[in-house]
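Labels A, B, C, D, E and F are assigned to the chains in the order they are written; within every chain, residues are numbered from 1.
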Amino acid sequence: MSHGGHLLLLIALLPFVGALLPGLMIRAGRTVCAFSTAVPTALALIMLLILAPAVLRGEVIQAEIEWLPQLGLSASFFLDGLGLLFAGMILGVGLLITLYARFYLSAEDPMGQFYTYLLLFQGAMLGIVLSDNILLLLIFWELTSLSSFLLIGYWKHLPEGRQGARMALAVTGAGGLAMIGGMLILGNIVGSYNLTDILQAGDQIRASEWYMPALILILLGAFTKSAQFPFHFWLPHAMAAPTPVSAYLHSATMVKAGVFLMARMWPVLAGTDAWFYIVTTTGLVTMVLGALIALFKDDLKALLAFSTVSHLGLLTMLLGFGTQAAAVAAVFHIINHLTFKAALFMTAGIIDHETHTRDIKRLGGLRHLMPITFLIGTVAALSMAGIPLFNGFLSKEMMLEEASHTYWAGSEWAVPVLATLGALLSVAYSFRFAVHVFLGPVRDDYPHKPHDPPFGMWAAPALLAVLVVIIGVAPFLAEGVVTAAANAVTGADLHPHLKIWHGVTPALWMSGIAVLGGAVLLILHRPLDRAWIAAPRPEAKAIFDRLVSASVALSRGITEWSHNGAISRYLAIFTVTAVALGWIAHSGGGLSAPTRGLLPVPPVIAVGWIMLIVATFLVVARHRQRFQALTVLGIIGLSISAGFAYLSAPDLALTQISVETVTIMLLLLALHFLPKTTPAESPLGLRLRDGAIALVAGGGVGALAYAFMLRDIETISDYHIANSYEGGGGTNVVNVILVDFRGYDTYGEIIVLGIAGFLIYALMHALLDGPAARRLKNTDYAQDRSRDRHPLMMVVVTRVLMPIAIVVGLYIFLRGHNEPGGGFVAGLVIAIALLMQYMASGFAWTQERKRIEYHTMIGLGVVIAGLTGAGAWLAGMPFLTSAYTYVHLPPIEEFELATAMLFDLGVFLTVLGAVMLMLYSLSRIARFAGETVNVDPMDYDPGEQRIAEAEAER
Amino acid sequence: MMHWIILPVVLPALLAPLIGFVMRHDIVLARTASVVGTALLLAIALGLTGLAADGTTHVYRLGDWPAPFGIVLVLDRLSALMVLLTSSLALIVLIHAIATGWDARGRHFHALFQFQLMGICGAFLTGDIFNLFVFFEILLIASYGLMIHSGGRERIRAGLQYVVMNLAGSTLFLFALGTLYASTGTLNIADLAVRIPQIPVEEASLVRVAAILLMIVFAVKAALFPVQFWLPATYANAPAPVAALFAIMTKVGAYAILRVHTTAFGPGMPGTEGMAGTWLFAAAIATIAVGALGVLGARRLMPLIAFSVVGSMGTLLMAVAAFSPTATSAALYYMVHSTFAAACLFLVADLVVTRRNGDTLNPAPATVQNGLFAALFFAAAIGMAGMPPLSGFLGKLLVLDALRAPGMIGWAWSAILVGSLLTIVGFARAGSALFWKSTAIAGPGAETAPAALAAPPPVPAPVPATVAEVAPTMAAIAALAVLSVFAGPVSAYLDDTSAQLFDRGGYITAVLGPGEED
Amino acid sequence: MEIIVASTIGVLTAGGVYLLLRLRTFPVILGLALLSYAVNVFLFASGGLAIDQSPILARYGEASYTDPLPQALVLTAIVISFGMTAVLVMVGLGAYLEADSDRIDIDPEDEDENAGKDAQA
Amino acid sequence: MIELALLFAAGCYGVALLMDLWRIAAGPDAADRILALDTMVINVIALLVLYGVWRGTAIYFEAAMLIAMVGFVSTVAYCRFLLRGDIIE
Amino acid sequence: MSMFSEILISFALVVSGIFGFVGSYGLVKLKNTLQRLHAPTKATTLGVGGVLIASMIFFYAETGHISVHELLITLFLFLTAPITANFIAKTYMAQNLRKTDLPESGGDYGWSIYDNAPEEREISEGTPRA
Amino acid sequence: MLTRLIPHPLLSLTLVLVWLGLVNTFTLGNLILGTAFGLVIPMLTAAYWPNRPRIARPLKIAEYMVIVLWDIVVANVQVAMIILFRREPNIRSHWIPIPLELTSAEAITVLAGTITMTPGTVSATLSADGRCILVHCLHTDDPDAVRDEIKTRYERRLLEIFP
């Protein structure tokens, strides 16, 4: 990287670094704050001036930092004539605006924010004009949209500001997104996103079949940013921004970004018919239309805004011509427009600031009250009108000259006439600005008594006005910059001569007509204005607003219609999707031949099948009778459990039946609080639809199962059978898989249970703290109850059964490794045993007797299982590696000790804890609902009296 | 034997029950343990990422059983990346939850949070498809708990729908796994990658069904159209830090599609090749549309953010659908980005909404620190909408750049670009209503307050956000910035990650040993 | 036998799906219960059916065993779906108690109405 | 001979199951359904044991034992639900 | 296996089958819920007892070991059957019969379904209902 | 002391037997384990069985059991006949209240169970004070005879067992 390269990087970086300053410095005062903004800008400008001579000599300064090479995105910058011109404008005007804003903004405005945004914008804008990578350019392009959004909306309390900001963001954002597409296509054609590479590849690009899409997308970006018809409407609304912003962004810099881009891409995109017709026509229409509207705007800033639209159209048109001379004119006019338009905006701001109005109809006669302002404003306005000796005249002449020999669709008149019309209108509104504001009698009804502002406020526009005159008188002074920029645009080696007098050319005639016509129009302004107001014309903002609110309404409609909270519909869609895609996937492949025949069906199994089918049918048909459906559900669980037993899966049979029971308990506990019936509310159509979906889903799943049951396949489980005893120390292969081969799954599974316990407990508390608690208390759940809560017989039988059930649970636990059983089923059996006790004597009585901490049990279970797994680390083995040994202690026969048992203990504890915590939570809710708590194990113990007597005797 | 790989699962799994039963009455202790645990997890994740960075695929054989007979954990660049992403997000979210006091508004927050991390990390690390199901269930059930944390009518009702939807999803998962086992005889992903290529298309019917059903299952988690309907209500009603954590949950779905449908059903499998991509691509376009329309049409802030999450998943899955190394790399970048972006938005929203009395996008009196919140929201929205300078823009460019195949480009680009526009407009409207219009309204008690605003019960005077409350959001934004600045090195890593993912032979050799690859 | 099992799976699935699509929480819970039966049998069947070949080694003299792996998977699935069902029941109950309605769909207008009621209460 | 007896007994229990099923479907009272379900459970236990005898294996014993236990518990639960509403008070 | 044990086993099986059938047949045939309660309560229980005895003899004859765990199931069923019947009867009575449909208990207190137990002692956790 | 260690000796014995029944093979190890369970479990669950019933004449228990078993078998046949062959309208059911002299909860339970298990009768409910049991009789022409038989054949014996 050259020495210049480092400077270039610094220039690009300085505004962003500087953006941190104003926010920090605001506490030191407004002047310091403004100064801290000016410093980085000035530094950058100085660096730019250091680089300028080399650029003017025709050198290109480059700098590159790698960023995202996979994409072809690098932080690479280059400075050529065009870049120099724009960078100079951005920094120079930036400096003036900083100064101006210091005086323009009031003490209430958050100035630190303002300057931060301003510097961010400046950096983004500099980035655009210095980027040597079109992706990088895109980044800065979008950044200008964002910072402009912030600046337009700066006065957030103003609705116009907010709306203007959103509109600008929407329009330029849309253009920016289109441009992303265009730029990516360009990069695709060329094979590089480097601008230097792309600029070399004009022929390749124009010859590509992707040229048109790229052109249209890129122009969309440029047109929206530069407010070209029909995207021009956002710009006037952006005028809600503070005037320094309008002057900077919306006249001098940001809106020129589109023009810049067209100029930048001129060597690769221009020169085709498509380019000519799209760009020239758009520019021409925009120029005339903008000028026409400007003439009838009473708001000073609106007038200037539409004039800007018009001048941007002029520039666009020139670039559209595609000739080198037109390009020179465009470059020159960019400079001239900048000088007079920025000055005019600042003038307008001064007037607004001093008189508290921008309405032309309320102004006039300011010449006497604000002489300095009058001078500045008039010089700039005359330049805008294209009066000789002011710089606007020069570039306008060049434009008219180019227009005069441009054919449009075979017509030699269309372009010259319209261009002249544009110029004429331009003269008219420029004169109006000068005449209606400054001339005429002094009025006594200004909202605020005006006088010239302090020097700091008029210094900046005055400087610009001086430039207007200097360039206007001595245009050769600007020749160097214009040449360098024009050469950069065209890629040719041009040596244009800028002079005041070209002789009597068609352009001079056209210019003369324009000035005279403009003067006439101004005289006729009053009647024309009335006609204009009366004439129906589409209001772009209204159309835009309608478009946006229609889009919002449509989006809202679609969203709320589709996401309407109807989970039953979501599920229907889900099911249909699964079935349909499953069917399509199935159809795309074939099935191998069946490898096995059908197993016979003994009659008893057929009976089981009938039970199951009938029960399923009953559950569905009677699901509205909730309790009945639950009863019938029991049949299904029973049949499936028996089926598992028949089909060589005893462990499954045990698990299924015990889980089933506990589940039904939970459902019963919940049903106590729920409505006991489901109302018949689905319309027939819905039921038919759901029935159809259900049948298709059931049919599909059944067919799938049938298909794979007929096909044997070599599975990995031969290994498990072969290694279960030797490697896992157990003969129940299923159990060894669960606690050893796939113990990790089981570890996960008990954690699911543990979480379920915690979750239910947490939810119970959340409910009892909320409105649910009130509902519980206010509902009487005790109607129509039988009077015996804890019947004697049940209590007595439980006293015997519970210990037996516990022994059974322990038995199932201890033998699981070798026979059907294991920690999970054991946990459930013990839970069922405890449940028996709870049902017999009530939760509170039972719980009081044995304060088992179920949280602890869950935690302990999960931790034991985890630590058992981690214990293997001590032996240098992976998590969950098991070990077992056979112990022989005479006279007891040999027995096995395995770490898998310890793991299974974890399973056991978690299951037991989780189930009991769930029951506990539900029971808490019941007690909250007003259930009473008994102190005796049974309702009435007739023997209690006698026992008490006997105790007393002893 | 390298035990580090299992730690992201075992550490939270041991910590959670301890928090759940030892510390459940001591919030300070629980918070400390949770933060320390999560920070440790982050450190471990960094270590694992370093370990995987050299391109070695590390395999951890649980119970010392050889694959495919036992379960293995597989640490490669992708799984390391996902664990790292999870743990860093978790730390941010956790600090936010503690600073804002969300964790104390219900029971067992920290236990459930740790379990949630365990489930997510487990899902990322496993090399076994049934074990993937198990960890899906762990992360889901923990997420149910977090979703309904602290209760409330809307939340529980939305939570119920969330549970039901996911139970349906889990059921389909099992149907898919049954079909897969019946047609391949194995559960190990590497083993699947060995066996499936041997199935000719004439006999692939069953395995094709399994593949597509699995895709739907993952699509439910990833909120892909037409199974995305559950997401907006869930995220919008979840406690904000939980919604922020859920940013990673959708990524679990995307990850699973990447892992399973690349390694087991992806390119080079005669029976299943290209099948998922076709559907995924079309669905992703619709998903982007759903997200964008939702953002533009939202009446409330939380649903708006939720829909933007849907939209971002569309973009991500569109890149996934290409099933090419380049597009996958872009997808991964976008995945990392959108995780932080979504989380960040939810966190900002939480700070704002708790001071605003509801999240409707109507102007309300400006709260304290309006400027700060506006700035944070602006940054987060820029991130999510994919505007520069944050990483969303680069992510979008990467995705666009990767989707240049002739059949794709038109649809993909239009969807992404138009979707971006609608999203930008939607966010601009929301931000304007929340922060700009609000400044035009006098504070509570002022006579000028419109009657409509006076109707809801008055909120307690808003308390300024503490540094601890804002710091997590800032951290998320910083993550987006870092991701943007270091896009080059990050992308290089992701290119390697993606290349490793598509190197099926390497994966098979690492898991099953040499000589097993097809 | 295969037809028996396949039709069982099909009928359970159909019943489950139908109930899953109902509008109240309780039938949906029933539907999910049916679906979980269906999926358990489905998963079990993925190893192929066998009679009197329980995978308990050598104890009962068989030489061949049925595929034990799907059984282990089903056991895991049963346990998980038990936990899930418990949570679902509890959340469903919570939703009913909070909203005083066991409709599972959330109608936005209905929400507003109820919110008003709550505020008055 | 045992084979025939087994067949006869299994047939009896099969028919019994169908009759239980009919009673469950027909009701009319909830008590009838619970009773029929309870009977069904016991019939299934009998069938399991018969199957064990037929196959000469004791492997179904635990299943039968467990079914007996849970059958009892769920019957009590169903009844308590109807009697008291809350099965665990 | 000896002829004797075969006969014994077969006899037990046939008898148990008959009782099993009768239990359920009664369930279908009888017209009144309380009458129906009688059939399965004992016939079915006895039936299953028969099967279990047959199983015991069978395994003894097969292996020479005395298999006793069938007794456990029998024990369990005999312990639980009365409770089941009692609960089902009460369920039916509570839902279908009024106090007056039944004979008097003859003591100070009526039947426990309708009458509270003496000296009801309760503590209440929730707020008592109005 | 001993009552605290072995609160329910009969229960402990039962549990040992149950354990041996479950494992279904008698070995020393199983006996030791079973004994351990028989001791530990009643201790752990003692709180749930607060008032240990006094059983006076263990031998009577055996006698009672034999009588009941026999009754069950014989009477089952009778009921089977009724169900199978008696036409439905001819079945005459009765409610029979039976006043109790038994006071021990355990004894009442055993009696109620016996009534239910012996065919023809089902104990439907107790009175709220446990002093009377309501029996439903499937078919009888003489309810008083049924009541008397229950009282003499079963309750009298139970009174001896549970004094």
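Just so it is clear, a residue touches a chain if its C-beta (ideal position, glycine included) is under 8 Å from a C-beta of that chain, and two chains touch if they have at least 3 such contacts.
Just so we're clear, the structure is a prediction, and the values are computed from it rather than from any experiment.
Of all chains in the assembly, those touching chain B and also chain C are A.
Using CA-based centroids throughout, the chain positioned farthest away from chain B is F. Using the mean of the Cα atoms as each chain's centre, the chain most removed from chain E is A. With centres defined as mean CA coordinates, chain F is found 22 Å away from chain D.
Chain geometry summary: the mean Cα position of chain A and that of chain C are 37 Å apart. With centres taken as mean Cα positions, chain F sits 73 Å from chain A.
Taking each chain's centre as the average of its CA atoms, chain B and chain E sit 56 Å apart. Residue positions of chain F touching 2 or more other chains, listed in rising order: 18, 22, 24, 109, 112-113, 125-126, 128-129, 131.
Residue positions 10-11, 13, 15, 17, 30, 34, 56, 58-59, 65, 69, 76, 80, 82-83 of chain D are each in touch with at least two other chains. Listed for chain B are residues 130, 134, 137, 141, 144, 148, 151-153, 156, 161, 164, 168, 175, 178-179, 181-182, 187, 233, each touching two or more other chains.
Every residue of chain F that touches chain A in the complex is listed here, in rising order: 11, 14-15, 18-19, 22-23, 27-29, 32, 37, 41-42, 44-45, 47-51, 53-54, 103-109, 112-113, 125-126, 128-131. Interface residues of chain B facing chain C in the complex, by the touch rule stated above, are 130, 134, 137, 141, 144, 148, 151-154, 156-161, 163-164, 167-168, 170-171, 174-175, 177-179, 181-182, 187, 233, 457. Contact residues of chain A toward chain D in the complex are 603-604, 607-608, 610-611, 614-615, 618, 627-628, 630-632, 634-635, 638, 641-642, 645-646, 650, 653-654, 657-658, 660-661, 664-665, 668-669, 671-672, 781-782, 785-786, 788-790, 794, 805, 808, 812, 819-821, 825, 829, 832, 835-836, 838-839, 842-844, 919, 922-923, 926, 931-934. Interface residues of chain C, counted against chain B in their complex, comprise 20, 25, 28, 32, 35-36, 39-40, 42-43, 45-48, 69-70, 73, 76-77, 80-81, 83-84, 87-88, 91-92, 94-95, 98-99, 104, 106, 111, 114-115, 118-119.
For chain E in complex with chain A, the touching residues are 76, 79-80, 82-83, 86-87, 90, 94, 112-119, 121-129.
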